[in-house]
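Have a look at the structure below, then the notes.
Should a chain be cited, it is by its letter among A, B, C and D, assigned in written order, with residues numbered from 1 in that chain.
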Amino acid sequence: MSNTFGSLFRITTFGESHGAGIGVVIDGCPAGVAVDAARIQAALDRRRPGQSDLTTPRKEADTVHIQSGLFEGLTTGTPISLFIPNADQRSDDYSHIAHAYRASHADYTYDVKYGRRDYRGGGRSSARETAARVAAGAVAMQLLAHFGVEIVAYVSAVGEVEVPLDYQELDLSLIDSNPVRCPHPETAARMEARIREAQAARDTVGGVITGVARRVPAGLGEPVFDKLPAVLGHALLSINAVKGFEFGSGFAGTKLPGSVHNDEFYTDETGAVRTRTNHSGGSQGGISNGQDIYFRVAFKPVATLLQPQQTINDQGEAVTLVGRGRHDACVLPRAVPIVEAMTQLVLADLLLRARANKL
Amino acid sequence: MSNTFGSLFRITTFGESHGAGIGVVIDGCPAGVAVDAARIQAALDRRRPGQSDLTTPRKEADTVHIQSGLFEGLTTGTPISLFIPNADQRSDDYSHIAHAYRASHADYTYDVKYGRRDYRGGGRSSARETAARVAAGAVAMQLLAHFGVEIVAYVSAVGEVEVPLDYQELDLSLIDSNPVRCPHPETAARMEARIREAQAARDTVGGVITGVARRVPAGLGEPVFDKLPAVLGHALLSINAVKGFEFGSGFAGTKLPGSVHNDEFYTDETGAVRTRTNHSGGSQGGISNGQDIYFRVAFKPVATLLQPQQTINDQGEAVTLVGRGRHDACVLPRAVPIVEAMTQLVLADLLLRARANKL
Amino acid sequence: MSNTFGSLFRITTFGESHGAGIGVVIDGCPAGVAVDAARIQAALDRRRPGQSDLTTPRKEADTVHIQSGLFEGLTTGTPISLFIPNADQRSDDYSHIAHAYRASHADYTYDVKYGRRDYRGGGRSSARETAARVAAGAVAMQLLAHFGVEIVAYVSAVGEVEVPLDYQELDLSLIDSNPVRCPHPETAARMEARIREAQAARDTVGGVITGVARRVPAGLGEPVFDKLPAVLGHALLSINAVKGFEFGSGFAGTKLPGSVHNDEFYTDETGAVRTRTNHSGGSQGGISNGQDIYFRVAFKPVATLLQPQQTINDQGEAVTLVGRGRHDACVLPRAVPIVEAMTQLVLADLLLRARANKL
Amino acid sequence: MSNTFGSLFRITTFGESHGAGIGVVIDGCPAGVAVDAARIQAALDRRRPGQSDLTTPRKEADTVHIQSGLFEGLTTGTPISLFIPNADQRSDDYSHIAHAYRASHADYTYDVKYGRRDYRGGGRSSARETAARVAAGAVAMQLLAHFGVEIVAYVSAVGEVEVPLDYQELDLSLIDSNPVRCPHPETAARMEARIREAQAARDTVGGVITGVARRVPAGLGEPVFDKLPAVLGHALLSINAVKGFEFGSGFAGTKLPGSVHNDEFYTDETGAVRTRTNHSGGSQGGISNGQDIYFRVAFKPVATLLQPQQTINDQGEAVTLVGRGRHDACVLPRAVPIVEAMTQLVLADLLLRARANKL
């Protein structure tokens, strides 16, 4: 098990879907950061179930409790512990999967790896664990705010429905103007229809989230193994259901000739070093160059279906399972704050690490 | 700087393009592994420049020296140090970039981060550093061989030229039958032509490498942050020029409905647990499930062009640079052993880590 | 801040003396360990204040809550979170030290390091943090029990009052037969008198704790930097008030000639490898050799005195402070379970790490 | 195996006594430090065998080669690799221990742990490995010099012969005025006699080294687990033959009442915060307070004796062994630079880590 992420700004998460709660310990946040609990709660509210009829109707309050690390509203340099009690537990919902392996879930692999598992609601493998990440990310965000860094994410594709524009061409203030969290209203409407279609078919749908980090100081990223995109990719690929990560020009960039792909440097009117294009996605040699960092994250369709599926039980016998209870047909809207949180955690960590580079 | 990768099978690389050499220390390889130096050398030979007229004509012998950790042909559990002297140094080739920032290179970001850089051949940011990774990967490979794990990679796209088949439909024994390292001969010929076209235009071209790991035992991967795809993505995104990583169904899988994407479990005639499809790419909940692990890695086109480009110097003044010397128009063929090496290192590490899971 | 200890069996503690509580997350405990909450509580009860009139009269219930990681009484391989609410907080007791630096306390150094501190009861620097270590140690103990390892500690000196015998000559079952936790009854009585003398003088007294680990398998310890005594020393020197650590023959052994100090090997009647003496303290080359591991830990006298002391405030002005409230005149009896816990944590970690040594 | 030490200033050592050589990779040294190879060589010269007839007559040149990380005399922020070839290898000297276990050596424990060992000269367990630490320490020293930190160590006891004064009462410039490295000339003469007596008796003798770090800035040390004395103790207890570590008042301090032991704060004429006594040894709450850091390290007598000793072989049969070749009767004089080096490495690391404490 590896439930710790980060080097100098480091989080350790714990908790299962149907245990006492979900929590996180943040170690390494510098002293002197003003942390507003309301901003942590606001981040959690964007992730919680039951926000709209597009998402699972489970109503989880997801109230955060700050248990340590703050004194008179400021961080003290000691560990910050956040705890989110599990309010809405219904363990009896899960007896049908105590001995059966849901398709494309972690039931089988946890059993092989550990010899046992807490099967209630997926236990530790449940995406409920990401609530802890979102809470921790909201602390990282308040640290990053001191340095002017701003991070935002949005849904850029639901199934085959894609936003037709690049992030620079969008008004990102519109992200939360619709339940899909897509800043392109016409596409948002089509995405919403696509999700309702999946709901109606008792099926699910995946998609893509685009993330952008602006005003990131040049110099973040630790070659050769902890290059900025490598650590960011690690963070995002550790989110449940993520199948791919690309930054800057990504897979599409492999089709451009070098003469087009290269980002020409110039000095702007303020004397700042800039690039005329940004295929690099704000990172060169694994180190931020001061331009926007942007990336795309692929989410597979949700594995829990409200229709029968063939599978086996832990005796190897064929069985039929039907998903019960309250599940999202599409996780993308609720995954937006998770993508933001992991990006916040990575940049906070790299920012602290960069302090050791020069004499 | 973070020049160490891995947790229990851990490597630390060092060295610059034009210093004394490139090296790696492997810590944590279990005792009792038979290590054949010839297999390390063979891996390096697949990465070295000058293999064919498709790659840079630099002739680097890249001879590996084993400096510690072996006794009578077997590992002893102590650190294995490998050193590859730099044979073909021509420092005078690089005076033109001592004070100028090459487009889409790491010159600028290293200067910002560290206040100085060894500009000769890119110094530490040169892809020459990956020779150390390939050497270490060849040790990991010899450890993995004891467990039957087999890892292979090939070029699946050069620019817009793509292999039209999935890896299961290809004869992977053909990978080294052509200088492009593509196991589909007709496509290989088109790729070769595409690279020569770039050479003729004094331009460069990117592409995609597909990797496959077979016979990986179920149970590897450490949730929640060191899930198998997350660690693998970290490793591959740390390779020079990589812009994207996807595993299993990847970005394409976001367009499938859940009812199609889910991998149904069944028990095969031998009693083994299998899945009928493998959109999961051999990992569920971040843990290997015994099916093939497969993934794709995007490489941007080489940034060094043998044609003039506009940029700036370290005074912020506009200058024109032309790449000098001997450079690949396409790194994909030589990157195949690097992708294999990073995959070997990740799986060796996760294999050792998995030993601590159960009582 | 570094609130994480251990490599594969890893703990992260959090919490302050007068915040919501003290907690710990244990990551890496293998699945399948039966964990009895009563044994955790029993360990905490040996550490808590108010056990006898020899220790502080504060009555802290120190009730442990298990928040994650167990299912049906067994560990699942996921993080185990333990929380101990702070029951008896009286923040108003501490206003006098909000701006003054107590002698030989951490007030000044925390202020220098972090620019601020939670001064209530010492905040994070309070020995109350060790409650979390004791709780985690009790989980490690239950893992070690599967391997037959047994760890015990006792008070071997209070001030100048010392046990006149070696640990092999004592009946260690008597440790808890008296409030001092010294297994030599006559010395225990003298120690008790010495502590009461300090109480009467409104002064404090230090001492030494001896620890012993028996039936430790040979092969634990990771040269060259994580040798068993080095990691154990790190763990014990991280306890509040500890000023020294020696194992085996320790400082006294420096006065023996090599011909006397060397531990001759022999094969006993069962065919087991033994040593005739054990000056090595069970570790050779940093690796356990199957003999008893034993060591001594020095604790300075408690810094909080119930008598006036000269010091300065955070403006650099001279002030007089008198300790208020309820404080131990001697922490040794309550430190016994802390020494045991740190030893348990180290051996659990080294035991898991040793699994990766051989093929 | 754990051959890496340090968090931000991190070293990885490799090499065996009779392999190609001994080396170290330093990762994390900030860019811009002027590193003088002559100072590294000078440190090695203080550690090497054959310095005087008090030490082993082996003549090892121990010439350091800098293989990476420097450019034009300054560090670049990339890994610094140092290699010391093994010049004087005589493998045939060691056939007698290929299958026998020397008393109080690591032969037996390496065999148990790894199933095999390089028995030539002790292989990896040889104190020759510390040459790499000394070389790395000399780089750390050059970093620390920028911050004014000064570290020095000396032999304070050889067997029962002890320096009768505290470090403050000695003229530490005399340390290298005699081959014993004791700054108290009369005691040095008695120590020298004591070592010659051991040589004559074909026996060995241990002792104590005292270390002092001056002008260490306040604020170094990372509670709660990486307190300054805990990390320092870890480092020093990882040196071959070390059996104990105490700092400040140490074991003797356990006998003082708290009213005497406490270090009263005052403001000196320059406005600096000072303490009137320094029983704390420069660390309070695990964080440096700006006063001198001082400590003592116990070394057991050398285990290799030039007289017959009973032991067993790897079949469990009784055998007699006599040490062959060239061995020190007392390692203390040559261990002085090793103690200094480990202290330098620890303080360099804590200094870099402290940069992340405040906003």
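Throughout what follows, a contact is a pair of C-beta atoms (placed from the backbone, for glycine too) under 8 Å apart; a residue touches a chain by one contact, two chains touch by 3 or more.
Note that this is a predicted model, so its numbers are computed, not measured.
Greatest centre-to-centre distance from subunit A is found for D, with centres as Cα means. Of the two interfaces, A-C and B-C, the higher number of touching C-beta pairs belongs to A-C.
Separating the CA-averaged centres of subunit C and subunit D is a span of 26 Å. Distance between chain centres (mean CA atoms), subunit A to subunit C: 39 Å. For the pair subunit B and subunit C, the distance between mean C-alpha positions equals 46 Å.
Across the assembly, subunit C contributes residues 1-4, 13, 28, 31-32, 77, 113-115, 124, 357-358 that each touch 2 or more other chains. Subunit A contributes residues 1-4, 10, 12-16, 19-21, 23, 25, 27-28, 31-32, 65-69, 71, 74, 76-81, 83, 113-118, 123-124 to its touches with subunit C in the complex. Residue ranges on subunit D touching subunit A, taken from their complex, read 8, 28, 30-33, 77, 143, 146, 352, 355-359. Contact residues of subunit D toward subunit C in the complex are 1-5, 7, 13, 101, 103-106, 108-110, 112-115, 124-125, 129, 157, 159-160, 198, 201, 203-208, 218-219, 221-227, 229-231, 233-235, 237-238, 240, 242-251, 253-259, 261-267, 271, 273, 275, 279-281, 283-290, 296, 298-305, 307, 309-312, 316-318, 353-354, 357-358.
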